[in-house]
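Shared between the two complexes below is subunit A, which pairs with subunit B and subunit C, respectively.
Coming up: the complex of A and B.
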């Protein structure tokens, strides 16, 4: 499932959302996935436990987090949620804080995780202006248009 | 510039948890560090770019280092990848 199709099918985009801390920010994404039947209630707790154990291992770039747990930690099917925050939160990683874009990933196996999900996320941010475009987006249509353009650019490259 | 060729031994390759450790290791060095898999070359200091390269177990990669501490970087990172777990 592509990033775009997943976000549309699961209705899992929240823009300019509010979160008081990083835990609340992660929960916004996992709640969207739980509501869509992509993960069960264990997933959020698993991500918090993983973070306590390993640190915030899923901060991909300044401003951008991709919270996720392991397939066996409550993943029911592959899916993404995309959350942007009105005010950024801090995860405790000086290289990437503060974070205001979260793409929560759920993958049923390592293969889907490695190949399917991440390439599309990387493509979306290949154009660095897309960080700010995404932060500014207020409608789902704007987000989908950004993803469409990024995929088209990736295919043309 | 110095280059080393290494084979990925850990189960998850250079993805999230181990990938992040590798990026942190690269950031200790001042020199420019890139990782090459096949025709694709990405910065070793960006987890996002590194994950975009899709480096998995048993892949052979080249690590390139260019700058003042390139020799130390290559020695350290070659060993780091060989001993990576997770």
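Coming up: the complex of A and C.
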């Protein structure tokens, strides 16, 4: 499943949300996925445990995190959630903090949909201006339009 | 052929992103390469089929490799400007014959 289809099907976008710390920020995404039946309640705790063990290994770039656990840690089906924060939070990684864009990932296995889904994540941030466009977005339609545009650009490249 | 292994905490998120970004970069630079990805807990068993291990900096510090193999730490996984020069340095110094 692609990023776009997953966000629409699961109604899993929250824009300019509020979180007091990084744990609360991660929970915004996992709560959306739990509500959509993509993960069960173990998933949030598993991400916190993984972070304690490996550090925030899912920070992709300055401002951007892709929190995720392992398939056996409560993933029921493949899916994504997208959360932007009104005020950024700190994960304790000087290279990429502070973070205000979180794309939560759930995958039932290593390859399956994520090749398609993660390709869309990568394409979305190919244009660095899309970081700020996402931060400014206040409607789901704006986010979907950004993903569509990024896909069209990737096709044309 | 230079064999590059992307490693992250659990082998399916960041390492997949890194693998995709590096694939585009290596192709563009005409490097004869093979790319794989895995979880931190698996890298030792994958080492036999890898020449260069690439991971985010905080994981890279904890990765040890035998002589003849190399570790590259990356801060911004989405930025060619970050991983590109580091990766090319290692390739040009050690795997120059794979640059076509």
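Please note the rule applied: the second predicted complex is superposed on the first by the 155 of 157 C-alpha atoms of A that agree within 3 Å, B and C clash if a C-alpha of one lies under 4 Å from a C-alpha of the other, contacts with A are read in each partner's own complex, and residues count from 1 in each chain.
Please note the rule applied: contacts are C-beta pairs under 8 Å (C-beta built on N, C-alpha and C of every residue); 3 or more make two chains touch, one makes a residue touch a chain.
Note that this is a predicted model, so its numbers are computed, not measured.
A.B. asks: Just checking: does A:108 make contact with subunit B only, subunit C only, both, or neither of them? Give me first, second, both or neither.
C.D. replies: neither
A.B. asks: Is the number of subunit A residues in contact higher for subunit B or for subunit C?
C.D. replies: C
A.B. asks: Looking at A:90, would you say it contacts subunit B, subunit C, both, or neither? Reply first, second, both or neither.
C.D. replies: A:90: touches no partner chain.
A.B. asks: Could you tell me if A:144 is touching subunit B, subunit C, both of them or neither one (first, second, both, neither)?
C.D. replies: Neither subunit B nor subunit C is touched by A:144.
A.B. asks: Between subunit B and subunit C, whom does A:122 touch in the aligned arrangement: first, second, both, or neither?
C.D. replies: Once the two structures are laid over each other on A, A:122 reaches both partners.
A.B. asks: After superposition on the shared chain, which partner residues are touched by A:61: those of subunit B (first), subunit C (second), both, or neither?
C.D. replies: both
A.B. asks: Residue by residue on subunit A, keep only those touching subunit B in one complex and subunit C in the other, then list them.
C.D. replies: On subunit A, the residues that contact subunit B in one structure and subunit C in the other are 54-55, 57-61, 64, 66, 68, 95, 110, 114-115, 118-119, 121-122, 125.
A.B. asks: Give the list of subunit B residues in touch with subunit A in this complex.
C.D. replies: Residues of subunit B touching subunit A: 12-13, 15-17, 20, 27, 46-49, 51-52, 54, 56.
A.B. asks: In the complex formed with subunit C, which residues of subunit A make contact?
C.D. replies: 50, 53-55, 57-62, 64, 66, 68-71, 93, 95-96, 105, 107, 109-110, 114-115, 118-119, 121-122, 125
A.B. asks: Can you tell me which positions in subunit A touch subunit B when the two form their complex?
C.D. replies: 54-55, 57-61, 64, 66, 68, 95, 110, 113-115, 118-119, 121-123, 125
A.B. asks: Subunit A touches which residues of subunit C in the complex?
C.D. replies: Its residues touching subunit A are 8-14, 16-17, 20-21, 40, 56-59, 75-79.
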